[in-house]
Each structure stands twice: as C-alpha cells, then as structure tokens.
C-alpha cells in the first residue's frame, strides 16, 4: 500500500511542476464595451432625430437588476417597477433576478450573468461594503456597465446612486433632540441598527453621534438586529423594561424595524411600564406601512428619502452610460438623492414619503 | 444450593447517584444560580415586568420544545417544527391580509400543519426513512412551498383586533395569557406523557423499539401521533411568536434560531436523543434556563454574533454534562444513532 | 396488468401482497391413520361405492355404478338395477330414494321395487346430494347445470358457478338457489335451516330453509379440502372430502391460458387437478415432495388424492377426523352414513366401504 | 501454450430449438446484476444523473455553464467528501458550513488586516479548519456526545464566531490589494485547469484511495458499520472518529480558502446553508445514511448533480426559494430510494434467480400402450438386491475384474461389496461430496464424479485424489462459473482424457430439481486432459448427464436429460469436433449411458415425461411463478418415481426396454453397468443396487469396463446386431 501511495504523490507533484502554474490575472482584454467608445450624439441634433437615436441606442440593450430581495419588499419593488416602466418604453430588455435574501445566490447570479455576457448594464444592490468587489471587476473586464444603489461599496462601479444617510441621520437626530427638549425628557437615547458592522449601520451611528455628542446626549446601548423584526422587538422590549422612562428616544436604522420597536414601546406603555408618548421612535426612510404606523401613533418621525428618485436616477444613469460610449469601468460617480424629515403633521403632503411597492 | 442473599446495594459512584436525580431539578438549580448572578450584575433584571417579559418571550420556544420532546421521547426527531411554525404563521397573516376571515385562515393552516405532521409520521413510521432527513426535508418543503405559493409580501403586520394578537396580550386570572397558554401546554403534555397509555407507550417505544413492538404496542400509529402533536404545537408556537412580535418577516431559513433553541431546550431538559429518557418538567426547566440566558445576553447588550457564541458555549457545556451523566454504553452503541 | 400492479403493491408494502395459499391440516384435522386401519367391508376392487345408507335393520345399502346393493353381514345382494349411474341415496322408510343420472329421483323399496318419484329435467343430471326436510319434501343439490357428476374437474378449472339447490315436493320442482360453486352436500341442520357444503369455495354454510338463495352464516371457511356430502349425528355433522386442495392447482386457476390449453390437449385423467385415486404412475405428473426416497413416500407429501372424513361440532370446530394420507391408498371418500354410533364411509377411490374404529372401540383394541 | 484439443468450443444451444432471443435470460441477468457489489450505489446514482439530464433539457443550462458549475461544485465537493468520510465513520457533521465561513473570513482578515504573507495564510486557513474539526472530534469521540446535536450547536457557535470576526474587521476588509498567490488560488490555473478543480481532484483521489485501499479507510468503514465489533477487534474507535472530524474540518477550511480567493466575499453569512447542500449531495450520490457504506466518487457525482439543479434554478430566474424546495424534495426522494433500494436489492436478486426457459420437445410416446417396444414389463423386478438397507442412493457403480462392486452413497461414501454375494459391504472411501458417475481409467483406477467437489481418482487404498475441479471462467459471464461442481457422469477416452458432464454452472449437484424446472442451457461437457488441464468442449447444453465413449473409441455419446436426447461428439477422425444426433424425443429423461458387452449401449431414464410436464415446458412464465410462490415440495416435475432401462445401438435403434411394473424393487434406475453377464442397476433415490442376470444371447465378448481402443476392440461396422 505504501508503494502505491508514494508513487501517486510523486506523480501528482511532477505533473504540477511540469505544467507550470500560470496565473490568470483575469486577462487584460479590455473587452469590447457595449458603448464602443463612440458617442451617440454630436454637438447638436434634430428634434425627431434625437427621439429616434435615443431609442436606437437603447433598443435591444439587456439590463438586469439584482436586488438583495425582490418579492414582497416594497423598497426594491418600487425601484424595479420604475425601471420596468422606463426601460419598457425604450424597448430595452429589462429583467429582475431575485436571490431571496441569500448573498450566496446573489453572487452566483451575477457570476452567471457576467460569464454568459447575457447583459449590457448591471444594476446592483449590495448588502455589504465588500461583497461585490470581485463581481464588479469581472463585469468591467467583460465590458458590462455597473450601477450600484443603496450603499457605497469599496469597489466603485460605473456609478453609485443612494441616499446621503449620514446627513439624513443628522437631520432626524436633530429633530429627536428638539422633541426631547420640548418634553424635557432625560438626555439619553438608544440606537437599534442592522448587523452593526455593515456600512448602513455605521453611517447611521456616525450621523446620530455627530448630533448627540455635542448636545451632551448619551447613547445608552446600541442593539444589533440583523434587520430582523423579532430581534428588534426583543431588544426594544428589554431596553424599555430596563431603562423605563430614563431614555427619551429610539434611533432605529431601518423603517420596518422601527414599526416593531414602535409596537414594543406602545405595548410597554399600555402595560404601564412607561408613560404613554414618553419615548419617541425615529428612523430613516418611510414606506406605506411606516406611514400607517405613523398615523397610528406608534412611531414619531423619519428622514424619508426619495426612493422613487433612486429608481429614476438609476434609469437615467444607465442611459447615459450606454450613450456615453465610454468603456465600462472608465468613469466612477457617486450621487445622492434628496431626503427630508417627516412626521405626523407633514406626512400627507410630502411626495417622497409613503412610497408604495408599485 | 441456598439462594444467595443479595443484600448490599451496589454502592453508587457519585456520577451514577447524580444521574439518577431528575435532571429537571438539576437544571432548575442552575437557572436559579443564573438568576442570582443576573440580578447582581445587571440592574432591572429581577423586576416583575422584566421577568414577565422574559417568560412571554420564552413561551414560544417552550411550547415548541414540548412538541419536540414528545417526538424525541419516541427516539425520533422533528426538524420541521421551525418551518411549520413560521411558515404557517406567515401564511395565516397573508390570508388575513387578503381579506379571509381569521378563523377560516387559522383552520386552513391547522389543516396544513396536520398534513405535514401526518406526512412526517408516515415517512418515519411506515417508509422507515431516518427521522433526521425526513423532517429536515419536510420543514424546508413547508416553508419553501408556502413562500412560493402563498406569500407575495415580505412583511406582514398583525391587525391589532385579531384573536392571534389576543393570544399574548391581556391576562387570564392575573397571569398574562401567553404564559397561561404555555403553562397549560406544559401541564397537558405532562399528563399525556405520564398518565395516558399513548404517552407511556411512546416512552417505552423510545427506550426499546423492538420490545415495545413485540409486546403489542401500536408503534407505527404512535409515531405518527407524535409527529402530529409536534406539528400542531409548532403551529401554536408560531402563532405565539407572531402575536408577541406583532409582525413577521418572510426571509427566514429553516435552521432559524427558533428550531435551534427548541432542540437545545429539550436536550438541556434531560430528554436524551437516544429516546425513552427525560420528563416534561425537565423541558420546563430547560425553557426557563434558556429564557433567562437570552434575556441576560440582551440586557448585557451583547451583539448577536457574540450572543450566538456564548449561547453555543453554554449549550455545549450542558450537552457535555448530559453525556457525562448518561454515558453511551459502548456495548450496545449502534453506529447509526445520530 | 393486475400482476404488475400486485408487484408494485408488494414493493411498497410487503404485507399488501395477496397470494393463494392452502391452509395446513392442523388442530382438528391433524392427520392420523384411522382410515388406513379401518375395517374393509367389501371384497377388494369389486364395487365402486358412491353413496351409502345405514338402514334400521343394520344393513348397509350402497350405490355402485348403475345399481344399488345391500350388504348384510358380509354378503352382498343386488337390490335394484336402475337405468343410469346411481348417485346419492336418501333413506325413506325402509327403502331409499336414489338419484339416477339421466332419469331423475327414483324411490326404491327394501325388496327392490322401484317407483319414479320425479323425472323433471332439473333433477335429472348431476345431482350431488339430497336431504329430506322435516315436512317430507326433498332438497336436492345440483353440482352444475352444464356438467355430468364426473365433470367436477372441468367445473373447477372453468370456475363454473351454475350449481343450484332444488326443492322437490312430490311432482312439483322449485329452484331455490342458483349461482353456487358446485354445491356438493346438503343436510338438515335444524328445523329452520340446512347446511350446504360448497365444493369450489371450500366453505360450509348454514342457510335458512325459507330463503335458501341468501347465504346467512358460514360454519367453516377456507378448508384445506373440497367438502362433499354430509351426515348428521347427534353431536355434529360428518363431512366427507373427496378431493384435497393442491397448491399447484390453485396456481393453475390463476393461469387461464394454461388451464384452457391443458383441457384442450390433455386427457381428463391426466389433468393436474385433485382426483379420487392415483391410477397410472407412468403418465401421472409428480410433485417434488412425492419422490420415493429409499423406497418410502413421505406421508406429508403434497396430495393429488387423499382420504378424509371429518366431524364438525355445533360451533364449526373440527372435532374429529379420519385420514388416509399420501402413502396410503384408501382415498376418494365420497359418502358417509352414521347410525347409532356406527360410522361407515364409501371410499370410491379405494373402491370399498370402510368402517373406522370409533374412538372408544379403538381404545379397546390398542 | 498447450494446443487445445478442440479448435473451438461447441455451442449446443441450437439443440434446444430456441430462437436467439431465448438465449438471453432477462430475469436471471437482472438478478446477477443486482447481486454485484458495485450495484449498491448504482441505481440512486443513475437516477441522480437522470435528474441532472432532465434539468439540462428543460432549462437554458448547457455545456457552456460547465465552468461555472464546476467552480461551485469543487468547493462544495470538498465539503461533500469530508461529510462522506464522517458518514462512513458512522457520524454526521453539520458544522462544516460555519467552518467554511470562519476559514474564509479568517483568511481575508489575516491577509488584508493583519497583512500576513500568503505563505502563512494558506496553511493557517487549513489548520484553522482542522482545529475546528478537532473541537468537533474531541466532543464527539472523547466526551462521547451525540454527533448530530453537537455539530448543530457548533454550527451556530462557529457561525457566531465568524460574524463576530467579520464585525470586528469589517473596515479593513474593504480594499483588496493584488496578491499573486491570492489570484493564483482564485482565478489561476495549473496546465489550463483552474486551481480549485485541481485541488479537488487531488483531494478526491487521495481520499478515495485512502478510504478504499488503506488500513485507515477500512478502519473507518468498520467503525461505521459496527462500532462494537470494531472496538472488539482492537480498532481505536475514538481515534478513528476523531480523525474523520479533523479531516472534515480541514477540507472545509480548504473550501473556505478557495471561496475567499475566488469570490472575496466579506459578508458574515459566507458558507451558510452549505451543509444542507453537501448533505443532499451525499444522499443523492447514494451514500448510505447508516454508516459503513459509501464512496467518495458517488458523493462527487451527487454534488455535481446538485450544482446542475442550482444552475437550472438560477438560469431560469425561478422564484427565490424554489431551489430550497427542489433540494428538499430531492433529499426526501433519494433518502426513501436509498432505503428501499438497500432493503429490496438482495431480496429481488434472490427472487429472480431461477428464470425458466422455453424448450421444444417432440410428441410424447404413450408407454402404457401395449405392443410397442416401450410397453411396460417387469424384467427388472426380480434383480437380486446388494447392500439392501445399507446403501442410501447409489447413483452409479463400477465393477472391477474380480467382481467387486463399488457404488456411491448420498452421504459421500463409496461402498465396496466384495463379490456377488457380499451383503455386508464396507465403506471403501469417504469423499465428502455426492459421488455420482463412476468409471475405470487406463490403469484400472476408479474415477468418481463427486457432485459439489469435482472429478476424483480413488486409489486402491480408498484414498481419493482430486483430478480436476476448475475450468477457465467463460469470458462475459456475470457470475463466476469457473467451478466444476455439478459433475454427473464421466468416461475415459483412448487418449487418456476424461470427458465429464457438468449439468449446471448455477446450482449445486444436490439441487438438480432446479435445473429440471429451469431447463436453461446452463450445462457443459468438460475435457480433462491427462496433464490435469481442463477445457470446455460443449457449452450451453441443457442438463448434459450421461457420458460414454463409443465402442470405436473415436466419439463420445452425450445424453441430455433436459432435452431427452442423446448426441454423438466426434473426438477423432475426419468429423472431429462435430455434434450429431443419435436418439431424439425419448419418452423419458436419460441418465448415465454405459457400454454393453455386445457392442451396444445401456441407457436408463431418471424420470418419464408426462403430458402435463411437457405442456409446462411451453409456459416458462408459469414455471417462474411456481418457483417463486409455490413451496419446493409442490413443484411439478416429470415422473421421477418411475423409469426404465433401454438398450440402443450405434445407429440409434431402440433394441429393448426393461421396466419394473410392480414399482417395488427398482422403480427408478439412474445407471446400469454390465459385468460378466450380469447387469448392476443403481438408483439415485433407491436403497439397494440390483444385480440382474442377463440372458445368454444378450452377453457379448467386449469388456464394458475397459476403455475402448486400448484393448483390441472390433471396429464399429462389425459389431451391430
């Protein structure tokens, strides 16, 4: 037995050395970018000619949108429907691939699309800062334009569109501080965010601390919830139980979690642990369900941002990249959409609040 | 040849004497210690409200653990409980969101849970598929099937007026309804296991399947009964979870913390996976222990990864203790006892 | 098609498979050698007794071929020669009523005078048994409406269910029950019901005399033999079993194509069906168990012909049985008569009358 | 190389009159296939491959996707290999998913945050994996905890550790810088084959060879199949189980390293759900869940099939959780299949073993009809018995010059009766088999065909010596037919070679009734050269029974019991190697042929044909059902209780037939030997050997016992009567 095993090993080793290890640095083929380096429009254009040319540029282009989760998730449904409407009018082939909240699957889908070169523009939605680095590289090598939404990832694709979450956090925290002073509540708050190490949670905490620290407010605890309502609700119930009226507001990073925290606070108030309306719940973004919770008085205010705008901006950027003719990966831009603080008083007349799934 | 008088009882080693003690009391003792440590270190722990909140949170996986214990007593295992609990709860909310009346939705989903229980039973009892794979597969099938067929929302909130939300709010005879329901389930399970024929035969079947079968016990229907009971209790636990949370998210895998917690509660409670051993009191003790542990971890403000680590470490210690108390007899050890 | 279905059902759950099996002879039917040790009443091979009657005067009247004989002591005299093969005999007063093939029911007096009771076509062919009801009328069982009495084998292979029970009251004839599987024996059980033994169904049923068409209760089912004529005694009923059930014949019944070709191409006595006697070993097909090893054929070998008479008590349990096993040759018991503790059986296969020692008498001689 | 006496083997199949289709026995081939050892995992594997073909047919997944599929398959394949080794060792390891996560994140943190050189990161990741595996191993092997619940707990604990590690370093992980080793692992290639694939292939080969052909592998299988007997055999059970978990951890670590290099993912749930995929792959591959059985190759095919399914769901952009549903359904289906297949395979093989064939026989002669040559008489009845009550079933006998009679016995002895009036007899030799055919060779030493053991030569002192019991195995036979077991009759030819008839390559001599019922061409005639080498002379013969060298010494007569015929095989002269019919459509089944002193041949019948048994030869399906459902005692066979002895000459004319009509003394005769005017009648189920005095006109000058052609035997033409 010994003899066979050693013979086997030596054979494998020699095969390795003989073949010589080549390192495939991914080839340097620039890849014939879809745009082909030629601008679609010159300095000026005829009226109807522009319409025809735009359509021609976009006709038959394949565009794929790969969100974290699509089915039943209002945020991505909103974006998806906007893109569908826009690209549908332009005659481009638009498809959504749903990885069902499984990063493993999202990475596979992107790999599959890039390997089969089945798409011209990729609209990506990154769950974490460092997830999509290799994929965006591969897409650029394959000459596919990439537009990233929601969170800035360390590997910048052709363009990033999202919300200026730090600034939004600062606005909503200032609003929370005003409410607390109005009520004369103690200068203590609690933060409830996502996994705690992803960019969204970090920016939210940075924004909150930017306002609270100079104002002398103390952050009691920072509870991490993996964006799960169950964990958010348990954390809120425990903290309320422990602090009782010793804190004046919850700063929740994600609007759906805010509803769960609102329920917990309302429940605690109903059971008499805290005085009713003594603890405010502030969050970012505002979809229809959050607005219902707002009208029901469970939550206080939110820094709503223009979700619809993100979808439109992504469509516009895609068209610019296609018409721009610059090869994929040559330009990188970061752009933010508008946001504003919304509460029960102005929720009905702010257009960008209470976005729906359609 | 006179009859040899067997007088001196074999002197028990401390380990055997410890093993004979009902594991339930043992765990209750440790829980009390944990409470003391908790009260000393974190303020606001021993307040009435916090204990009540702790009990309310641990009611759900307590009920699930009872269902799991009934199956494990019969030397099976049921990994589909999480799938059934969350899947059916989400489906009920989905139906209610589509305007179906609440009781009709609950009845429909109870039917689904029953079917899953019966399918599990048939697979394990009649087709003799290893319980581990059968229930794992049916759990995934349930939650995946419901996700594809019924759910079209990612997030469902529970209308305040519904009976499910009543489940956890308000109180009966001064005791919050959630804890009352959990208590009732524990008592009923205890009566079933200790005083009904089916319960006793389930334990006998778990201890030695062939002897139970040759002594005329209806082993296969009993196994099916065990899985059906486990599925229905999972449904109840699902409703309890949803009513405590007030809403539910549908992006969850079958190895959800709920399943993991229920299994470890059962094992800590002394219900050993080799079947036939353990009591419902032990499961209650296990549930309290894990409830207190979770609450302390949250109150200490540990991040969820750290919580997992600590909970994993504690549970490994508990299982190691159980393995040390009831060592697996090398002589009769069979390799396929997973 | 149903065979592949059966295989699939058996693959899913082995307990669902249904195979024909022959129950073993156990409990009451535990084999013994009582027929082999029975007294022989007639000279060897002289007559082929079909049915017999014990008269009050202690003589034995038995039917053989086309005439009726009377055995008094050890000498035999002809009572009457009738026009056809004589089948069943029923005692009536000092004489008997005989069923003659092709003629009908004939009443024969003690001194031989014959008088035709009923010549209706319904009772003229294939009469297997008859019984006299308390009200004087006769109940006659017809094995099959297409076959002669010797056609039992063809009826079994074809699954012929055209047997009937006919009530004969003087000249009037009424068909009481139809569609039976070769009814081979009938006897009055009590004043309201009768016992019928259905040969092809291996069952013995108790039917109400008023409604004979409807089976009411079964006395014994799934017997290991094809039951035949019945004789009532005070503590139960004696049954004969002319043919034993053979496992391969059961398999043959499942293979219609083979059975029909066998019936077409092979002579009836060579068909693989149970028979009254084994005649020519040279053309007779053997079953592995019947191999003669070191000159001995094992008694428990599968039987092509067997000698068996058994007594059922009131509850249908086999109380007593007389056997002549495969290594014996007193086979083919077709008739039985009991009077005053004396039991006499007619072994048509052995062509003799046998009087087994009754339990007490056997104890004396042992 | 010794030149073969016969240029090629004679195929006696045409004698059965069956078409080419009848040559193939479908059920029996199936039964042999099921019996093979490698069939154990074959059907689940076949269905798994069928499933993947189905997926490729219905979805846009094509060969183009192969690199993508293989990339994923190799990483998860490493997990499947680790899990298979653990399963074979009787445990289970669910924590491999989290070990991948921890190893992957650990490698990235080490290279990017702690800036370790790659030469340190690669071994560190593998060591980390094996360390975590060691934790599992220690808990399960040393502390004796249950593998399932332990690995479930470690799954969550390691998952928590991975998440904690990731959250601590989530900043520095952001910016990957170029590193030659990292790129080589991720996208590099060895001789054109991507690194991942090469690593997987090497691991697969090493583990497969280790598992199947090394002591270490056998130990794992032993512990997996029966823990107690493994322990009692001195196998260090705890150490073996510990090693399996360490190996599984190491492989998971390697997989983590590879996926970190290839995808570079920094999110905490790397490797989540991978253990479920590995489990399904292993079950799909047909690895048994009960331990002790399973091969790494099957697990690999399983993982490829699972990846094809996943690629199918991705390519069609199906619903989010449709992949988990399909995976769960596949896991369930294949778990049930593995169970049922394992249970019923042996039973089906046993049930289909006997597969009766169809043979065509001529019309049946009615022996009871008076006036023909076959008419029943009782010439055998008054043969005087030898060894009555002592002999049990002498199938054949041999008489030497002094008149001593040697005959066989079913208990394996060879009796010797000195002279005609010795009724005592003594046990001359003990062979331990079923001595059937007897013959004398050139030096007048007794040759006996011992059923179940082969051809033996018995020396004067009664010491049996093996002549031959092995034949070259026929080329394409699924089952091993090299043994010479069911030997029945033999005879010696002038050139010293022994021709022996082997009536079945499938059953043993004692189960001759199976051959009678099956009537398939399983038999053969074998030539044993004087130097001991054997070669098959006639193959595919139906129940060849009697062998007798013709008087001219240039041909041998072969009697076929199944086909009721006698054929002549020319072994010398112009027509050497040809088979020509001598007697056909006999009324019974012939047994051992022997020469008579007047230049003719004696031929007894072991059983007579009956109308019913002839009809059954036309219905193989009924006979198969009979062998499966009906007990052995009720099988319908020809009339074995009756037979006769026939005399025929070289041209195939029946000269006379002798019966025992009373069936008392010699109902069944299987062999007849003539010596000094007397006929010795042997019967395989008789308790005596009969000695019949022949009329003077029947006795001729030839000594039947001597091998023709060695003494001055008159030529063929002269002798006929």
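Just a few scattered comments:
To keep things simple, chains are lettered A, B, C and D as they appear, and every chain counts its residues starting from 1.
Rule of thumb we're sticking to: a contact is a pair of C-beta atoms (placed from the backbone, for glycine too) under 8 Å apart; a residue touches a chain by one contact, two chains touch by 3 or more.
Given the structure is predicted, the values throughout are model-derived calculations rather than measurements.
Contact count check for B-D and A-D (C-beta pairs in contact): higher for B-D.
If you average the Cα atoms of chain B and of chain D, the two centres end up 50 Å apart. Centroid to centroid, with C-alpha atoms defining each point, chain B and chain C lie 68 Å apart.
Between chain A and chain D, the centres computed from C-alpha atoms are 64 Å apart. Averaging C-alpha coordinates per chain places the centre of chain A 93 Å away from that of chain C. Annotation for chain B: residues touching 2 or more other chains are 147, 303-304. Looking at chain A, one finds that residues 69, 71, 100-101, 195-196 touch two or more other chains. In chain C, there is no position where the chain touches two or more neighbouring chains simultaneously. Listed by chain label, the pairs that touch are A-B, A-D, B-D, C-D.
Within the complex formed with chain D, the residues of chain B that make contact are 77, 123, 127-130, 132-134, 136-141, 143-145, 147-148, 253, 255, 257, 260, 263-264, 267, 273-274, 303-313, 315-316, 319-320, 323-324, 327-328, 330-338.
The part of chain B that touches chain A in the complex is made up of residues 42-45, 47, 49-50, 53, 57, 147, 151-155, 157, 169, 241, 244-251, 294-295, 298-299, 301, 303-304. Note for the complex: chain D touches chain A at residues 64-65, 67-68, 72, 163, 166-168, 170, 173-176, 180, 183-184, 186-192, 198, 202, 205-206, 209, 213-215, 262-270, 272-274, 310-311, 314-315, 317, 319-321, 323.
Across the complex, chain C meets chain D through its residues 11, 19, 246-248, 251, 254-255, 257-258, 261-262, 265-267, 270-272, 280-295, 297, 301-302. By the touch criterion given at the top, residues 69, 71-74, 100-101, 195-196, 221-226, 228-231, 233-235, 237-238, 241-244, 256, 259-260, 263-264, 267, 270-271, 273, 289 of chain A touch chain B in their complex.
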